[in-house]
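Input: one structure, supplied below.
So that you can tell them apart, the chains are marked A, B, C and D in the order they are listed, and the count of residues begins at 1 in each.
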């Protein structure tokens, strides 16, 4: 899909250092501790590391954490498309393909597949640093009638 | 599905007080901070509260956290079926149906729909305390060849 | 969900005999050859029989035909809610739980789980006549801006 | 994924003319009337045309037919991997992205994403002949213990 390469949110996010980004993040985003690597319209790449507290009893990446990372990535990417109204996820489908033991570096990517007037269809995947696919997902997000206040679009 | 009502794991989990359970939990399970309310073969009910750090920018329950809670519930329920070999999630499909603002009490339920020799099909849902459905999901889990060491099945 | 029990479409469908219904159906609906058994607002029940030409090489119900039946049931049910604008499916998630050999009588049910202003979330399942679950699915449908012409709402 | 480029099934299918292929097909496969264009290990491409009897009331491709086409493509592709035991679908997730009116030529592709010992994860998509994506899906198939009799692997 063809998307514009600039809007105030994209510019702001690109202007932040990883430390500033981390300071901005809150709640579960900060807990996940990822680092954005590519910020494009309709595409987002970030790196995460599998920590001990992100694992299941087999000591590999918990499926629910993989789901959380991918949901978070797609939500942020849709926000960065610049729509003045908030979006919300309708659904999230995840497939878990390979294990990722503690310490694995994860490269997570989110991409817009279709940007409709109401519904945005996205995909996300997580690979390890050898390119092996760990998890993949797709999600439909709907644009709501709630306007987004971009008040935080200034460095603190 | 007809399932046996007793095995060492079920008995052990039923014997724990909420405080002991919390001590046993680790990583993301402890972070979620839920409390088990019903422990049945093939059915698990737990309560959670939507905390500030579990929300999206609309300050309602983050879809990824809902996914994480439901994945965790289904995984624990399958563990409590007593199979000597570890399971792993093949996929997780979530639908997000209503908002749950900060402070909402969540009742999460996981149920076995089909217990095959290799594949176990489960459902999970989250409701608020008025019974309104917040999120629902289904998941297929596969039994692996990795034996489970139940060494922690003793109170510390 | 609370839904009104009458609108011209519901009344019309209820007035048809199976033979009239079959005459009305077209394309793939006629090919499927189901018979409606319950027509309620937000719930639809129909019976089908697994024919030879609906099977996979194992000579059991083809997963794609199960998907087709459930998609068809949910679409018809949403139509019978009486909305003046056409709906379209955003997604369809199916799980296949048991085999249904040639000759099996199938009871297919579709239900509305959430009727939002824009998005309608439905479930559908197929059971055999002993109540064993063959397949289940969920789907999100979105209301479009295309008005429905109900011109066919008269017996031919 | 790396897959072997030859087995008796692949060779046989590649040896057939479209007319012979059509004669071989049965039931719903013959009804769909597709034509195979590429037969590779782990990848299959076929063309279909949207007929009047494949549409919904909007006279565009019925979502359930799109689901059926993609399920059929993935099943055939997994069969062509050459495994001596039959597979069966565990689940099928479809997203419907654009309309395809009557007469549209459809290019359907199925691909193996992960070939595990027990579970095979596949994707399928349908595009129109301008490359616009109409529908996409993913599916997990499990290898059963039912041996496949390849008796039909000879021209009639």
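For this structure, a couple of remarks:
Note that in this section a contact is a pair of C-beta atoms (placed from the backbone, for glycine too) under 8 Å apart; a residue touches a chain by one contact, two chains touch by 3 or more.
As the structure is a computational prediction, the values presented were derived from the model and not from experiment.
Compared with subunit C, the chain whose C-alpha mean position is the greatest distance off is A. Across A-C and A-D, it is A-D that has more C-beta pairs touching. Centre-to-centre, using mean CA coordinates, subunit A is 32 Å away from subunit D. One simple way to say how far apart two chains are is to compare their mean CA positions; for subunit A and subunit B this gives 24 Å. Here the CA centre of subunit A is 36 Å from the CA centre of subunit C.
Residue positions of subunit D touching 2 or more other chains, listed in rising order: 90-91, 93, 95, 140.
Of all residues in subunit D, those touching subunit C in their complex are 26-28, 31, 52-58, 62-65, 67-72, 75, 79, 86, 88-96, 99, 146, 148.
Interface residues of subunit C facing subunit B in the complex, by the touch rule stated above, are 93, 95, 97-98, 113-114, 121, 133, 136, 138, 140. Remark: subunit D residues 90-91, 93, 118-119, 140, 142 touch subunit B in the complex.
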